[in-house]
Every structure is written in C-alpha cells, then in structure tokens.
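Heads up, the next two complexes both have subunit A, just with different partners, subunit B and then subunit C.
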Partner chain A sequence: MRPYIPLGAYLALMALAFALPEYSKQIASIAFYMALGQAVNIFVGLTRYVNFGYAAFLGIGAYGLGAAILYMPQLGIATIPIGLALGMGLAALLALTVGAIALRLRGAYFAIATIGLNEGIKHLIIGANIWGGGAGLMLGSSMFKVYGRDLALFLANVGSAALILLTGLISVLAMYFIQAGRAGYALAAIRQDEDAAKVMGINPTRYKLLAFVTSAVLSGLLGAAFFSLGNMQVFPENVFFIDYILDGLAVMFLGGAGTVTGPIVGGLIYYGARYLVGIYLPGLQSLITSLIVFLVMLFLPNGIVGTLNRRSEGLRTWLP
Partner chain B sequence: MDVIPYFLSGLILGSIYGLTTLGLSLIFGVLRVVNVAHGSFVMLGAYAAYFAFILWAWPPFATALLAFAIGALLGYLVYIGVIKPLNKAGELNVLVALFALGALIAEIARLLWGPDFVGYRWNIGSVEVAGLQIDISKLAGAVLALAIALSLDLLLRRTYFGRSIRAVVQDPVGAMVVGINVDRVFAASAAIGIAITTVGGVFLTLFIPVGINPYMGGPYTLIGFVIAVLGGLGSLLGAYTAGLLLGVIESLGFYAFSVAGFAEPSEMALFLEFALLLLVLLFKPTGLFKL
Partner chain C sequence: MALSLQQLSSGYGRLQVLFGISLEVPAKSIISLLGPNGAGKSTTLWTVMGVVRPWEGRILLEGTDATRVPPHRKVELGLALVPEGRRLFPEMTVEENLLMGAFTKRAREKVHDTLEFVYALFPRLRERRRQRAGTMSGGEQQMLAIARALMSRPKVLLIDEPSAGLAPKIVSDLFQTVKRLKEEMSVLLVEQNVAAALEISDYSYVLENGRIVLQGRPEELAANEHVKKAYLGV
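Take a look at the complex of A and B:
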C-alpha cells in the first residue's frame, strides 16, 4: 500500500485553507466528514466490529479543550496543546475502560455496550452538572480574552480547519502503521476468524483495544478541533449527537470500510450530497443520511473505493 | 418510609420495561441479531397509542392489538428486507443497516408528525396502595404486561410452533434436518419480536403523559439493552424479571439522586443504567438469571 495520494489530498487541502482563509470554514466542514470517517475506520474497518458510541469520543475531546480554555485562561496560548492533550487523554481513558470490559466479548455485546456509551456520558455530564451541565461551555469571550481577537478568529477559522485535516492525515498514517506491522496481521486474522486467531496465539482483545483506543483518541482530537476551536462552544446536546454516528458510518461505508482513500472520497460525496439536500430539501438531511447508510449497506457494502479496489491491483496499490 | 412508593412505582414501570424487552430478547435468542432499531419501534407504538386515543378515543389496551398487527408486519418486512439478505455478509452489516433503519424511521416520524412532544392522559381513576396513589391504568398495564410475558413463555414451551423455535435456537441445521422450516421460524420470530416491542411502546405511554416524540427511542434502546443483558441475552422470562429489577433500580436511583441534591436526578438515573450495563458486562455477561 502506498498512501501518497490520500496523504497528499490532506496536505493539499491544508495548503488551501492557509492560502484562502475566507474559504476555511467550508474546507473545515468537508474535512470534518473526511476525518470523521477516517477515525471511525481505524476501528470499524480494521476489526469489523461496530462502534455506535463514538460521538461520545468527539464530545469528550471537545470538552477537554473547552475546559482548558475556560478554566485555565492564565496559561495563554498553551491552553491549546494542553487542552488537546486533555481531550485526547480523556477519550483514551474512556475507550480503555469500555474496551477493556466489552472487547473481551463478541460483536453483539460490544455493540450493545457502545450504543449506550453516547447517551450514558451525556446523561452524566448533564445530570451531575459537570462542565456547565446542560448549559454547556461558551468559549467565545474567553478565547478573545486569552488569545486576542485576531488570533482567536484565526484559530477558529484556519486553525480549526488545519487541525481537522491534520486529524485525517494522522488517521491515514495510523491506519498505515497499524496495518504494516505485527498488529496488522493479527487484526487481519481476527477479522477472518477470531477463534482460529486465538488458537494461533493471538490475543484478540489486545489488538482490538489498540484499534479502538487509536480511533477514540483521534475522534477526541477531531471533536476538540471542530467544536471547541471551530465553533467556540460545546453543548452536550450538540456534541453527543447521534447524527455524527450516522455521518461517520455514511462516509466510511460510502467510500469503503477498511480503505484509507475511502473516507476522503466518501467525505467529498457525502458533503456534496448534504449541501444539495440542504438547498433543495431543507430539513431532510438526517433522513437522507440514514437512507444513504441503509442503501449502501444493502447494495454497495464494500463502498466505492472498496469495490474499485477489487477490480485491479494498481488501484489497490495507489488508492489503498 | 418514603422509599416504598418509589419501590412500587418502579416495579409497575419495570413490568412495562420487561414487556418492551421481550421482543429484543426473542429476536436475539432466535436470530442472534441485536435489534439496534429497538427504540424506534417503541416510538411507533407510542404514536399509535396517541393517535388512536386522540382521533378515535381508543383506550390504549385496544390500540395494543392494532400495534401488534403493525409491528408484526414491520418485523416481517425487516426480516425479509434487511436481516435475511445481509446475514451472510456478516454481523457488522446487519447491525449498521438496522441502526440506519432505526434512524430512518425516527426521521420519517418527524416528517409526518413533527418534532414536538405530544401525549395524552387516560384517566380511569386511581387506587391507594401503601400510601401511594396509583393510576388504575398503570396498574392494569403492569398486570397485562405480566400476562403477555407469561403467555409468550407458554407459547414457546407448550406449542408446536414454540418447540420449533426452541429447536432452531439449539441447532438450526439439526432443526432443518428434522423438517422445520427455519426461514419461517426466523421470520415469525422477527415479526413477533417487533410486534411485542411496538405493544410495549403503547403501554409505555401510560407512564409518559407528555413524552411522545420521534426521537424518544434513544433512551429506551439503552434501557432495553441493559435489561436484555441483565436478564441474559435471549432469555424471555429473564428479560421480564430484569425489567422489574431495572424499573426498581431506576426509581430508587432517582429517589437517591434527588435526596443527594442532584439538579437532574432523572439524567443521573439513566447514567446509572449505563454504568450498570458495563458492570454486568464486566462481571456476568451471561446475565443474572437462569430462566
């Protein structure tokens, strides 16, 4: 596999965001779908397990950065790396807890554990009144005060877009390195036959957990970049939103689960489809999204890139 | 003691939870498929109860029959259209398709009936039990839910149809060899499972006078899964018993969280249920009961 085209696509979009800052919001929206599909893909594509709870990781990542900006303003610009680390750390912790418990079990049980994850964390934050509870975190005035007006706006526009694209890029690299090494063979064996893999001396839980935590950490980074930095606010009803789960599944399956080019292609098409639906059928975006996922599962389960890859060796090498 | 009323009302709500989860457990037990669209079928049942009451003044228990028919038809379609064609492709595909279907049903409901919370009140008096005023409608719902759970169990134990279902559960290939139409058993189980889920949604409206909404399914999906796992995935009476248990835990949890001074005790009760799910998966993933 030669991941130069997908990596190049992210770098090109990043250059575009810096060169044309007035379009950085649109670039960030497209990039969000790509990176979302890409991060989801690391777990779902590599293990063929389904995670219905990853909006929880987006949310917890957003809260990490949001809390750092709001509660540690004395740190100045250092709030960003510290907040991102906090968000990713919390996402990793959550993934380790849920994964260590539920990944010992097979697919059905794991799906059940994750489907409650998003709701569970949302109810904890609202119920225990953590980090603003149901009212959420408003970061705008704090960001203006800490970073100054110009830098804050630059971070919210160009910075957010670049960080989202960076998340997509790291996801491609993560997928590449996981697959290139020992873990890649182990995960391939687990996908084909988990029992046989166990007999061969592979510890399935360990490798599933590796993919799960990697995916969660990158989702956390994405959530921080998109919600806290880009929108300057974190609302529980907004970040723990079931639609992001469907968005991620739509992008990933449209492009092709398990491929690294798939989420880029899927993200572009999906953004285009949503944009058109927004103009011609406003209010029906979620309906169309769920319809897309449903129809893709029924009629194109390997996705666009996945289906093309089966046709030719060259495509498989250059559009992995 | 003011704990007793919470215990009682938890038990009554728990009976409805148990009923709602029977369908989930039946489908998993027979088809080995987790119905992640569960909540949306609960929602459809709730809307059926609401419209039948508002438009035709039907009491919810009459609507339950209609909801059973609608649910059975939908369940059959779900089997023919989603589960059967996708089962060969693997668990991931079935789960994702069902998840998308659940979201699709919720979106269609919003398109047809709007995003607002609606509800109705069916008042047929109340009785006093241990110092607690209990609506007769709720009490009757709880008793009827128990009756449905017991008759479903009887159906599985005592009839030819029930025996063929159990045979398929034990060994699908063996069942086929002795002349059981496995495909028909699968279709019937999906139909009955989703029919009961929909009926559960009808009964649930007795407890949520203003809580009917296209997106109401989410928490009930979570609750359904907690109960199903507690009771042992696939066990019917286990699911019903776990439903009672969860109703009590939810109610007492709500009481404890409000005494402890949490601003949103009902949200905390839902978190408690999620934490409970993880604990059960950690210590006893096969469920608490052997029923």
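Take a look at the complex of A and C:
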C-alpha cells in the first residue's frame, strides 16, 4: 500500500483552500464528507461493525473546542490547540468507556447497543444544562474578541477547511499504520471469522477498541473543525445529529469500505449528488442518501475504489 | 496430566449442553471424544478454549486452574483448537493463515522453525503457500487448519471433526499425521468417524446428551455392544 495519492489529494485541497480563500467554505463542505467517511472507515471498514452512536463523537469534539473558546478566553490563541485536545480527549474517553463494554458484543448487538449513545449525550447536555444546555454555544463574539476580527474570520474559513482536510489526512495515515502492523492482521482475521481469531490467540476486544478509539478521536477533531471553528456555534440538535452516521456510511460504501482512497472519491460524489439534488429537487437531499446506499449495496458492494482495486495489483498498491 | 476437565458444565444462554463432564488427557497421548451429532462434543472443545464460558466445574492445564482464562490467554498457555469446518481465513493466503496461527508472543519468537516443521509435516502446503486458502480442496484446507493450530506451538491440540466431508483415503493419511503429533504434544480428538478415531486413540470417551456415558481403551470400546451397534454399524 502506497498512500501517496490519497495523501496528495488532501494536501492539494489544503493548498487550494489557502490559495482561494473565497472558496474555502465549499472546500470545507466537500472535505467534511470525505473526512467523515474516512473516520467512519477506520472503525467500520476495519472491523465491519457499525456504530450508530457515531455522531456523539463529532458532537463531543465540537463541544471540547467550543468550551475552550468560550470559557477560557484568557488563553488567547492557545484555546485552539487546547480546545482540540480537549475535544479529542473527551471523544477518546467516551469511546474507551463505551467500547470496553459494548465491543464485547457481536456485530448487530453492538450496533443496537450504540443507538442510544448519541441521544443519551445530547439529552444529558440539554437536560442537565451543561455547556449552554439546549441553547448551545455561540462562539462568534468570543472568537472576535480573543483572536481579533481578521484572524477569527480566517480561522472560520480557511482554518476550518484546512483542519477538516488535516483530519482526512491523519485518518489515511492512521489507517495505514494500523494495517501495516500486527493490528492489521488481527483485524483482518476478526473480520473474516471472529471466533477463529480468538483461538489464534487474538484478543478481539483489544483490536476493535483500537479502531474504535482512533475513529472516535478523529471524529472529535472533525466535529471541532467543522462546527466550532467553521460555523462558530455548537447546537446540540445540530451536532448530535443521527444523519451523520448515515452520511459517513454512504460515503464509505460508495468509495469502498476498508480503502483509504474510497472516502475521497465517495465524498466528492456524495457532495456532488446532494448539491445537484438540492438545486433541482430541494428538500430531497436526505432521500438520496438512502437511494445511494441501496444502489451501492446492490450493484457495487465493494464500492468504486474497492471494485477497481480488485482488478489489478497496481491499482491495489496505488489506490489503496 | 496435560489437560483435565472436572465436572464441567456449560451451554448457550439458558440452554445447558454439557452436564458435568470429566475427562483426562495425559501428556503425549491421543484421547478421543466420540458421540453422535448434538451430543456436545464441539461445545466441549469451545468451552475448553473459553470461547463458550464454563458454568461449573474446572479446567486444569498442566495441573494449573485455567477455568476462567480467556481464549487468547489459553493459546499463550499452550492450548490450540482446530475448529470444525476448518474456519480458515478465506481471503488470506496459506502462509498468511499459518502466520496468524503464530500470533502469540511465545509462538512468534520461533515462527521460522515452526513454519519449517509444519511444511515438513504437510509438504503440500509449502507448494500452495501463495494460494488463497478459500480456493483449496477440502483435504488441503483441513491440513491447513491443523497446521495453523500447530503454529501456536501447543502442548494440547484440540481437533474437531477433521474427517468431515473428506474421502476415506485422505482421512487415513490425515490420521496418520495426527498420530505422529503424539511425539510432541497431546491431542484431544473429537470425531463422529468412530472406527477411524479408535484406531489412533490411546483412550476414548463417549459423549451422549452432554454426559460421558462410556470410556475405555479403544479395544474395550470396539468390543462394547452399545458402541458396536450405535457407532460401528456391526
């Protein structure tokens, strides 16, 4: 596996966001789907388990950065690294806690166990009135005050796009390093036959947890980059939004589960499809998600890149 | 004693399958566990591995209690299972399957020696080592399943129904190879092919409805009226 093409794609888009700041919002929107599919892929692609509570990690990451900006303004620009670390740390903690228990369950049982995760955290924040409760966090004025107007706008536009793209890039690297090592073999065995893997001396929970936490941390980073930095606000109803897992799965399956080039291709097509439907059949964007997933599952179960890369050794190496 | 089960009970959910079974596997011996479909033979092996959780009773591995040890740790301690139906990793090559067998730290340190050992035992696997496991014949897949379990350098090898679906000639070759393993380890062999199993066993147990109903040396069992009628068809 040579991950240069997917890594290059993210770097090129990043350069584009800096060169054409007026288009950075569009780049961020496309990149969001790519990075979402990429982060979902680390768990779903490597384990073939589905986590329906996935949006919780986007949300918790967004709240980490949001809380740092709003409640620690005295830290100045350091609120960004600290807030990102806080968001990713909280996502990791949540994933470790939930995963250590729920990942002992098998496929479908795990998926069912995670359904409540997203709603649970959302209602905890609203109900217990934590971090602004139902009203959410409005970060705009705080960001203007702490960073200055120009820097705040630059961060919200170019900074957000670049950070989303960075999330995608780190996801490619994470996938590469997990697959290159023993964990990659262990996960391949678990995907093919989990009980057989156990009697090889593999502890499945440990490797599933590795993929789960890695995916959660990157989702946390993505949530912080997209919602807190990009939109300058965090609303519980927006971030703990169950549709994001469906978007992530659609992008991943469209491109090819388990491939790292797949989410880039999938994200691009998915964004394009939603954009066109938004123009010609406004209001029906969510309908095409299910249509895409349905058609891909029927006709292209390995996704676009997954199908291509079964064709030849060269494609497998260069479009991993 | 390499492995002993004492009053072991287990099952799935609320369904009890094993009702206090006791058996012993001495060092460097082949012990067979015989019986009809649904008697609990496979459940016994999965319970010994810890994939199915024991309800009651004890599992002793070389005299040490291993009842609650999780499966991956059991492999490290020297137990290995060749599951019924082979359960290979079909997308991996022959050699990758073998390397998966040497996943534990203890096995990894000697992986090259062990690989030579299993290739010498099954030369066919060396010829096929770049082939995908799922594309091989039934007999070759069974060889690979046994070889993969051997890669963990077990002290006790559990083999579940190796003869299933194989031609008599292949079964007899395979059993001759299993017999040679006795020099290095103990084998607990689960079989429905009672005649073939008795031929290579040092001692056998008959399991029916989750209970051991008979046990003895192969010649004793072969002479037993119940065994003759129910299992040997004579």
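In this section, the second predicted complex is superposed on the first by the 320 of 320 C-alpha atoms of A that agree within 3 Å, B and C clash if a C-alpha of one lies under 4 Å from a C-alpha of the other, contacts with A are read in each partner's own complex, and residues count from 1 in each chain.
Just so we're on the same page, a residue touches a chain if its C-beta (ideal position, glycine included) is under 8 Å from a C-beta of that chain, and two chains touch if they have at least 3 such contacts.
Note that this is a predicted model, so its numbers are computed, not measured.
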{"item": "Subunit C versus subunit B on the shared subunit A, clash or fit after superposition", "value": "fit"}
{"item": "More subunit A residues in contact - subunit B or subunit C", "value": "B"}
{"item": "Contacts of A:188 with subunit B and subunit C, given as first, second, both or neither", "value": "second"}
{"item": "Which superposed partner A:196 touches (first subunit B, second subunit C, both, neither)", "value": "second"}
{"item": "Which superposed partner A:15 touches (first subunit B, second subunit C, both, neither)", "value": "neither"}
{"item": "Which superposed partner A:180 touches (first subunit B, second subunit C, both, neither)", "value": "neither"}
{"item": "Subunit C, subunit A and subunit B - angle at the middle CA centre, rounded to the nearest 10 degrees", "value": "70"}
{"item": "Subunit B versus subunit C as contact partner of A:107, first or second or both or neither", "value": "first"}
{"item": "Minimum distance between Cα atoms of subunit B and subunit C in the superposition (Å)", "value": "7"}
{"item": "Subunit A residues contacted in one complex by subunit B, in the other by subunit C", "value": "none"}
{"item": "Complex contacts: residues of subunit A adjacent to subunit B", "value": "44, 48-50, 52, 97-98, 101-102, 105, 107-109, 111-113, 115-117, 119-120, 123-124, 126-129, 133-134, 242, 245-246, 249, 253, 284, 286-287, 289-291, 293-294, 297-298, 301"}
{"item": "List of subunit C residues in touch with subunit A within their complex", "value": "46, 49, 51, 70-72, 75-76, 80-81, 83, 87-92, 96, 99-101, 103-104, 107, 148-149, 152"}
{"item": "Complex interface listing, subunit B residues touching subunit A", "value": "28, 32-34, 36, 82, 85-86, 89-93, 95-97, 99-101, 103-104, 107-108, 111, 218-219, 221-222, 225-226, 228-229, 233, 257, 262-271, 273-275, 277-278, 281-282, 285"}
{"item": "Subunit C-facing residues of subunit A, complex", "value": "182, 185-186, 188-189, 192-193, 195-203"}
